[in-house]
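This is the structure I have questions about; it appears just below.
Chains: A, B and C, in written order; residue numbering restarts at 1 for each.
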Amino acid sequence: MDALIHARGLVKRFDDFTAVDGIDIDVRRGEAFGFLGPNGAGKSSTMRMIGCVSPPTGGVLRILGLDPRRDGPAIRAKLGVCPQLDNLDIELTVRENLTTYARFFGIARRVARQRAAELLEFVQLTERADSKVEPLSGGMKRRLTIARALVNEPEMVLLDEPTTGLDPQARHLVWERLFRLKQQGVTLVLTTHYMDEAEQLCDRLVVMDGGKIVAAGSPRALIERYSTREVVELRFATGSQQAYAEKLAGLGERLEVLPDRILLYVADGDEAVAEVQRRSLDPAGVLVRRSSLEDVFLHLTGRTLVD
Amino acid sequence: MVAASYVLEYHLVNYRRTWRSSALSTLAGPLLTLLGFGVGVGAFVSGGVDGVPYLDWIVPGLVASAATQAAFGEATWPVMSYFEWMKVYFAQAAAPLRVADILGGHLAFMLFRILVSAAAFLAVAVAFGVVHSWWAPLTLVVALIVGLAVAAPTVAYSAVIPSESYLAILMRFALLPMSLFSGVFFPVESLPVVLRWAAYALPLWHGVELSRDAMLGRAPGWLGLVHLGYLLVWCAGGCVLAHRLFRRRLVF
Amino acid sequence: MVTLVLPRLISFEGTGRRAASVTERNIACLRSTYWIVLLSGFLEPVLYLFSIGVGVGGLIGDLALGDGRLVGYAEFVAPAMLAASAMTGALSETTFNFFGKMKFMRLYEGILATPVRPIEIALGELAWAMARGVLYSAAFLAIMVAMDLTSPARALAMLPAAILIGFAFGALGMTISTLIRSWQEFDLIANGQFALFLFSGTFAPATAYPQWLRWVVEVTPLYRSVDLTRALSLGPVGWVQALDVLYLVVLFAVGLSIAGRRMTGMLCK
C-alpha cells in the first residue's frame, strides 16, 4: 500500500457545474503519472485537490496516506507544486524567490540559501540569480517555478501543464530536468495536452474528458488499445476527398476524412499503400507513420474545439 | 489638431464605461470637505478671514485644490499604465498619429476631467449658499489653468519613472504638502518665510488667489496677471517637457 | 489529556512560525524606493497637524473641552491625528496592497501550496502592517512631545493604544479586501476613510455636531479610537476609555476571523 495518491469516486462540484465527476486514481511511488485531456476536462481541478488547496466535494482522497481535509499543512510540506500560470513573486529577485519560499516550509535560512544555490544550478539560472523576475523569458520563469517547487525536497511534484507556451528549446530543457528528477526517485504528477510530452515523460496516464476518466494505462498500451499500429495519411486534390473516401471503403480498421487529407488506421501501412495503388487511386501525397498518443486522444475526445 | 481629437474621443469612450464609479468620488469629495473643514472647523473660526466668513473664504481655494487633485489623479496612474501595463500609447503610436496628437489628446481629456471635478465642487458650493458673485464661474477657467499647470509636468514625470512607488512619493512629498500649505485652509502669510516662498513657487497658491478673487468678486489687479503668467509658464514648460519625454519613449 | 487532544483539534502548532515567514517575505521586498514610500507614510499626519492644527489653529485660538478646560487647537487635533494615522497605515497595507497580492500578483496561491494556511497569511500580513504602524506612531509621538503637545509619560501610554487601533483597523481592512471585487471599489473605501477622517471628532468636538450625526459618529471605530488617544493625551481617563479598548479588541477579533474564513473560501475553492 504505497500509493502516494489514492482516489475513489472523487468529485468536485462548483455550484451546479461538476468539474470532476467520480474518478479513481492510484499513483505509486517513483512513477511519472499524467493527466491528459482537452481544456475544461477537469485536470486542473483534480490537481488542486491533490495539492490540498481545494476540498473535494465527494469521494475518497488520500495523499501520502493522509487526509487532505485535515492534514493539509502536513501533506503540503512534502509536495512541490508548479502551477499552470507562474505565480512567482515579482517584487523579489530570482534567488529570493527560492529563499523566501523555503521559509514558508520552515527551512532554516542557511539551508535555504544553500539549497537555492543548488537549485539555480539545476535549472541553469545561476547567472540570473540576482535579477528581478519580470525581465526573465517564459522558459526561465517556468524553470524558476520548477526550482521553487523543489525547494522543500518534495516526495511528489505536481506540474500543471509544465511546458505550455514555451519555445522548443525551453521545452526540451524542462523535459530533460524533469527526467533527471524522475531518475532521482521523485514522483511526478503532471497534466498536459501535449501528446509528445506525455509519451516522453509518463509511465502511466489517464485521459480525462468532461470530468471523467475515459481511458487509462501506459502510453504504449493506450495506443495499442485505442488505435492501430500504423496510420496512413493520403492527400488528394482539394475537394475530391469525399469521392476518394468512398473508393477506400473497407481498407483498415477505421477511416477519417479531414479537410486536407484522409487518415487510414491500419495494422500494416505498406500493405495498405499497396492496396491503394491496386485500386488505382493516385494520391498526391502518401505518409506512413506509427500511431501516436495524439491519435488516441483525438479518437477519445473528438476533434471538435472545446473552449 | 484633428488627429488629437480622435485620441480625445478614445479617452471619452473609455470614460463612458467608467464614469459611474468615479461619479461618487467626484461629488462626495467636495461635499465631505465642505462639511468637515468649511462648516465643522469653520464654526470655531470666530472672526472669519480677510473680512469674510471662513466658509466663504475656504471654498474658492478648495475648488482650485480639487482641480489639482483631479489633474494629479489623471496624470499619474493612467499615464504610467498606458506605457507600462496597458500599452495604449504604443498602440496609438502604431496608428498614423504624431506624438503631439497622443499627448495632446490625453491632456485634453485630463482638462475635461478637471473641469468636471471643479464644476462639481462649484455646484456643491452653490447648494451651500456660499456663492455670491457673478464672477464665480470664472473659477472654472482658473481651475482649468491651474489643473494643466499641475497635469502637464506630472505627465512628464509619470512617463519616465521606473516604478509606481515614485507616484506615491510624488503624492506624499509634493501634492499633499502643496494642497495643505498653499493658502487653501489658512493664509500663507502665517507660514515661516522659507515655506511661504515654497508656496509661492508651486502652482496651486497662484490658482487659489485667482480663484478667490473670482469667487469673492474682487478685482485681481496687476498681481492677477503675475499669477496668470506664472501658471502659464508651468503649463508651457510642462507640455514641452512631456512632449520630449513621450517622444523618447514612443519613437525609437 | 487536554495537551494531547487540543493541538489535534485546532492545531496552532507552527502557526506562529508560518505567519512569521509571511512577514519575512515582506521584509525581503524592501528596496530603496519602497523604503521612501514606507517612510513617507509617516509624513501625512504630520503635515495635517501643521496645516490644520497649527495653521488653521492660528485662526481658531483655544478650544474649550467638555469639562470647560481650554486647550490649544493643535493640542486638540494632535491625538486625533495619531489615531487617524494608525488607521491609515493599517488600512493602506491591508486593503490596497493586500488586495493586489491576492488578486493581481497571485502571491497567495503560491504560498498556499506550502504548509502555510490562509489564516496564517492573514496574521503574517497583519503583523507586517503593525510593524509599519508602530514605526509611524512612535515617530509621530516623538513630534508631539517635541512640540510640547503632550507629556512624555502620556506619549508612552498612547503608543500601545495606537498599536491596538492599528490591529483593529488592519483586521477590518482585510475583511473589506476579501469582500471587494474590483479596483474601482477602492474609491468607495477611500471616500469612507476620508469621511471617518473628517468626522470622527478629529477636527471638532463631537458635541459641535447636530444631535443625530453625533450618535452616528459615536459608534464609528475611528471616533472610539480618537476618544481613547485624546483622553490619554489630555485626560481624564475613565470607564468610557475602557469601553473604547473593548470595542477595538472585539473589532480586531471579529475582523480577523471573518477575513481568515473568507480567504479560505476564496483561495481554496
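As a convention for this text, a contact is a pair of C-beta atoms (placed from the backbone, for glycine too) under 8 Å apart; a residue touches a chain by one contact, two chains touch by 3 or more.
Computed from a prediction, not measured in an experiment: that's the story for all the values here.
Under the touch definition stated at the top, subunit B and subunit C share no contacting partner at all. Put simply, the chain farthest from subunit A by mean CA position is B.
Distance from per-chain Cα centroids to the pooled protein Cα centroid is smallest for C. Rounded to whole angstrom, the centroid-to-centroid distance between subunit B and subunit C, based on C-alpha atoms, equals 30 Å.
Between subunit A and subunit B the centroid-to-centroid distance comes to 55 Å (mean Cα coordinates, whole Å). Here the CA centre of subunit A is 47 Å from the CA centre of subunit C.
Per the touch definition, subunit A reaches subunit C in the complex via residues 14, 48, 51, 53-55, 72-74, 76-77, 79, 81, 83, 85, 87-92, 96, 99-101, 103-106, 148-149, 152. Touching subunit A in their complex are the following residues of subunit C: 11, 14, 17-18, 21-22, 24-25, 28-29, 105-107, 109-117, 267-269.
Only residues 18, 21-22, 24-25, 28-29, 32-33, 35-37, 40-41, 43-47, 49, 54, 163, 165-166, 168-169, 172-173, 176-177, 180-181, 185-186, 190-191 of subunit B touch subunit C when the two sit together in their complex.
Against subunit B, in their complex, subunit C makes its touches with residues 33-34, 36-37, 40-41, 43-44, 47-48, 50-52, 55-56, 58-60, 63, 73, 184-185, 187-188, 190-191, 194-195, 198-199, 203-204, 208-209.
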